[in-house]
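One structure follows; several queries about it will come next.
A, B, C, D and E are the chain letters, set down in written order, and residue numbers restart from 1 in every chain.
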Amino acid sequence: MSIVAMLDEARAARRQKTLIAFNAATLRLGGKTIIENLDLEVRPGEFLCIVGASGCGKTTALRLAAGLYRPTSGAVTFDGEPITEPRREVAIVFQDYGKALLPWRTAAGNISLALEASRVPARERGARIEALLRKVGLPGHADKYPSEMSGGMQQRLQIARCLAQEPTTLLMDEPFGALDAMTRQGLQDEVLSLTHASQTTVIFVTHDLDEAIYLGDRVVGLLPHPGRIGIELDVDLPRPRDQLATREHPEFLRLRRQLFDFIKATEH
Amino acid sequence: MSIVAMLDEARAARRQKTLIAFNAATLRLGGKTIIENLDLEVRPGEFLCIVGASGCGKTTALRLAAGLYRPTSGAVTFDGEPITEPRREVAIVFQDYGKALLPWRTAAGNISLALEASRVPARERGARIEALLRKVGLPGHADKYPSEMSGGMQQRLQIARCLAQEPTTLLMDEPFGALDAMTRQGLQDEVLSLTHASQTTVIFVTHDLDEAIYLGDRVVGLLPHPGRIGIELDVDLPRPRDQLATREHPEFLRLRRQLFDFIKATEH
Amino acid sequence: MNRAAILWRVASILVAAGLIAAWQLAANLRLVSPVFLPGPDRAWAALVRGFSSGDLAGKLIGTLEHMAYGWLAASIAGIALGALIGSSKMMRAYVAPSLEFLRPLPVSAIIPVAIAMLGLTRGMALFVIAFGAIWPIVLATIHGFAAVEPRLYEVARSLQMSRAAIIGKIALPSALPDILAGMRLSLTVALILSVVCEILAGLDGLGQWVLLSARAFRSADLFAGVILLGATGYLTSIAMSLVEQRLLAWQTAAR
Amino acid sequence: MSLDRARPLLLPLALTLAFELWARLTHLQSDSLAPPSAILAALAAALADLSIPIATRDTLFAAFAGLAIGSAIGLSLGIAFGISRPLDRLMEVTVEAIRPIPSIALLPIALIALGFGYRMEIVIVAFACVWPMLILTRSAVRSIEPRLMEMSRALRLSAPQRIAKIVIPAALPRIFVAFRLSAGIALIVAVTVEIAINPIGLGAGIMLAQQALRADLMLAYLLWIGVIGYALNILLIAAQRRLFGRAALAGDNP
Amino acid sequence: QAKIQIGCTATSDCASAMVAVDEGIFKKHGLDVEMTPIAINSNIPAAILSNSIQVGGPTSTVFLQAVDGGLDLVAIAGASVMNTTSNTAIAAFVRNGLTIKEPKDFVGKKVGAPGLNAFLHVLFVKWLVEKGVDPKSVNFVEVTFPTMADIIKSGGVDAVLTAEPFVTRMTNAGLGSVGARYGAELGRTDPIIFYAASRDWAEKNAAIVKKFREAIAEAAPIVNSDREKASASIAKFTKQPLELVKATPPNQSEPNLKPENLSWWIDVMSSQKMLQSKLVTAKLVLN
């Protein structure tokens, strides 16, 4: 076996193991270090949740993974290659949903944008848009403009658009922040089943510890000033998860307490 | 006693009892009835929480109380008079915090806006701004532009601006939606102690049932399509509330379950 | 940052130099009669001659003065007018239509009327320059006012801000990018109109120089004037950029 | 209702009346001013003998053709400069130095290169229309909500898609302002070129009236140009409403 | 039928061509002529060069400056010359409240000329020089004919260089008085405007030039003798009211142009530093 072939094999193996990797990634913005020396690997198909105090750098880390920022030093790689630009197979749900929707397009039009981007023929779009709207609980709202929708509806619309992209990787920044408990639980299960079925890799930022544990294969807690990893917990809860059973699972409660203590300690 | 005097007295008594009143308030927007026949009275000094499924009309109801919408029929009164315009003693925390901040002013400048509006002399502003920033957990961020702040930080900045107004009535629309558990609990207690000390009336919209019960004197649950009252619960929990004790109180758990069932039933 | 800015400027000047070289080539190949299109070499020589032996410097200063005053007047009046119309339904109903009627009137046709009403004075010239240069600012301001995020107006209402405060603290800053773009446009309009006024109303300035050169078929002199106008335009635009950078710092922070 | 409609006319009517009174009282005698009644009479006469309608056709043809060409160029450059910082910086000196060149100074060259007629006028109008379009479009593109641009990157929209689906709709209200401004400028420049050189259209009419010392006719032409500009503006705003509906909602009302 | 376009400004100087069109004289000589109104006289050389017009009527000053600037133009026929009538029509009109008794009273005054370095201005400067006044001591500004009355009335300038019918109109309106009949005092008979073409065109179309000359020669006497006809043609071409045209005699038409007729202008303009090269009169007129 030649060395080249061996190296190739080794690379393939590594690739198998990590899809997105932060290697000592550091980001400075406006003269301040927002993220410092972040090391983090996300495996293909993994559901990774990021929690942390407000302003600790969760959004920033997600933007690095999305290719919207480039690290000042260190590297962020996707499938072994440095990320320089957003990729089509990666969908991003922005935290400020109100700003990420096209105000001049209806709900259907906003979803259609993603379909147009991946050149889905016009006649197929209608049916897919309808299916997606139903998935996020917005059937019958296709003709509303974002300005005529409530905050939670806008947020769900943004999620629908990201799903329309049929991404292999989903980056979600507090996607359920504006939703009531029931709607939120419904969407949690929706996202879980969708990503499980298609083996989608997810990085999920949330401030809700229960949600992080309920959804994640792993939960990472960030420390602020500058953002770095403070805790990393593997979630060994059986799948499929269940809103009642999982949340009452002793392991769930143990992890919850652990995370809670971590967050509490980071508060100034 | 003359009839006029009697009527006057009766009115005074009623005024004592209600500060904001919805009388069969109905609102139609874009051809749809968003709120229908809403009857609701808020007493002075009361802390009223509104919950409900996403898109059920919570924000709309709050905007009616704020005077940003006028009812299509029925009336919304403040202190006995119909509300036609926002009042200075009523502060509003908007749900879409990102849009409600002036992007060309720093954090300090955004708070200063409220002080300028109530003609606080320039030399007093600095100290008050600093105190307010500390109160919402943003000390040292005075010179940041909103675009340089995280979602949660922007949300807290908006709250600080509303507090700067020194309102007698606070209308808050999911003010803590983008905050992590710890920051959120801190601010909950902050708001509770502030409003209690100054006898501020609060209408508080949230999708977090625990939060609603923890904070409120009363919780109202809205039903969607069109928005109307579906449940009304008085919260008989001792004050001051406590993050640990209150949340473990049996009455808390009972109310929580009741609300949860209500919300669950409203979901389609 | 600073070094990058200088490098960019140098690169930009190189691009312009390339165009000048193309102009020289066109002149050398006599694509257009040299009587009408002199090469940059001849234009430059005429420029040097104009400064050393003629009174080109005086003419330039005259034009700069007309431009500056006219532009200032247009800016102040334009922003005020735009703000009034943008924030008042009444003004929109009663005054705005009349403005739309005045807007397309060409300055060259206005001048005789202006002379008849105001006499052959500097005031007349400044009025005419301002009249022509006001429109980009008025339109941009009106639009800027209309495009303010509605949530911000609601914030202002709930703070019970006075109308003046709403204009000064919400609408104007929000419209500032639009207004500055309008002012940038009207700066060049003012420069062009200064020249036109000098030509049509016989005021002293580059316009006269250009006119007399054109009449005497001294194209090199004419292009010396044109070069000065270009240089003036570029320098004022740098000044505008600096102002924009300062006033719109928040916009760059957002990127 | 009818009163509502008349509101825009109130101010001009009042001014006209004042002017008429002033002209009567002072026994106005001027070669460049005339009382409104005389102006209206001259306008009616010139409309009746078709000299104004024909001139209007000539002027509008040149103005529209120049406007179309100029704003297309200005729009594309404005979008390109707005999107690409490097391009903008590279072209800065060139653009800013060419922009202030008054076309009136270059008229003789244009005349010699293109001769009398539509061609010369169209070229000059187009030259003048490029700049407002370029500057305002560029600034409009720059102030698009950054999150929208990020979203378009995340969706990996191709460059043409990004321009057609995000940039232009987002900048549309401002682009329309620029277009309305350009339309006014096109009319102004067309008439100016006609006054100075080109023996066609409304400008030539003004010129001849001026030289014939027919102040009333000259002002009638001016009045007519105002009417055309006004109508043009109303038309543009109506078109804006129709074509773009909500997208242009942020635009201003007439 | 050879087709040519003739470009003239709205004055009576090209009356011979206007009459030739109206009376069918051009047609008789086999020329299909279209008259093009030109706004500003100094545009004529450029219009000729772009072939928008083949023949134009530039003033002597415009023509000589154009040739001096390098344009290859030739005069092909005479149009109008100064004579006693036209010379007395020229005046420096002074506003009320100011009296001018002698030339040096103009020193330090603001004088409006309808075109700087154009016909009336050059003549006036020549007159000042002849009367021993330094033209630099007079402050000249440009004032177009239609605005003269308003500007004189408002006192914006002290005097304007003008011609009939403006002199009479302004006098009748009581706006001031004639300060100097400098045209009459100079008493010249040199050409005001003549027909010119590009040398290239003229040499290639010698036959057309010949016909043109014949037609002009036939029309000129009509202009000079039949004021009715001349006025009608002028009014038609310039769109000026007929009464206004009739009120002033048209400038004298003179179809013959000799090279030496231009030498006076060359001298005057050279002394006023308006010409930079040495012009050879023989080359300026097509023989």
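Assume contacts are C-beta pairs under 8 Å (C-beta built on N, C-alpha and C of every residue); 3 or more make two chains touch, one makes a residue touch a chain.
If you want to know which protein each chain is, UniProt gives these names: A, B = ABC transporter ATP-binding protein; C = ABC transporter permease; D = ABC transporter permease subunit.
Just so it is clear, the structure is predicted and the values come from calculations on it, not from any experiment.
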*chain E reached from chain B - shortest hop count over touching chains*: 2
*asked:* Just to be sure I understand the contacts, which chains border both chain C (ABC transporter permease) and chain A?
replied: B, D
*For chain B, which other chain has the most distant CA centre?*
E
*Return the chain whose centre of C-alpha atoms lies at maximal distance from the corresponding centre of chain A.*
E
*Which two chains have the most contacts between them?*
C-D
*Measuring from the mean C-alpha position of chain C (ABC transporter permease) to the mean C-alpha position of chain D, what distance in angstrom results?*
16
*How many angstrom lie between the CA centroids of chain C (ABC transporter permease) and chain E, rounded to a whole number?*
37
*In whole angstrom, what separates the CA-based centres of chain A and chain E?*
83
*asked:* Could you work out how far the Cα centre of chain B sits from that of chain C (ABC transporter permease), in whole Å?
replied: 50
*Which residues belonging to chain D are in contact with no fewer than two other chains?*
30, 32-33, 108, 112-113, 146, 195-196, 210, 218
*Can you tell me which residues of chain A touch two or more of the remaining chains?*
30, 96, 99
*Touching two or more other chains, which residues of chain C (ABC transporter permease) qualify?*
33, 36, 112, 115-116, 214, 251, 253-254
_Those chain pairs that satisfy the touch definition_ = A-B, A-D, B-C, C-D, C-E, D-E
*For the chain C (ABC transporter permease) and chain E complex, residues of the former touching the latter*: 33-36, 112, 115-116, 119-121, 200-203, 208, 211-212, 214-219
*asked:* List the residues on chain E that touch chain D in their complex, please.
replied: 10, 36-40, 43, 46-47, 49-53, 144-150, 153, 173, 238-241, 244
*In their shared complex, at which residues does chain C (ABC transporter permease) touch chain B?*
149, 151-152, 154-155, 157-161, 165, 169-170, 173-174, 176, 248, 250-251, 253-254
*What residues on chain D touch chain E, complex-wise?*
29-33, 107-108, 111-117, 195-197, 199, 204, 207-215, 218
*chain C (ABC transporter permease) contact footprint on chain D (complex, rising order)*: 4, 7-12, 15, 30, 32-33, 86, 89-94, 96-102, 104-106, 108-109, 112-113, 131-132, 135-136, 138-140, 142-143, 146, 173-174, 177, 180-181, 184, 187-189, 191-192, 195-196, 203, 206, 210, 218-219, 221-222, 225-230, 232-234, 250-254
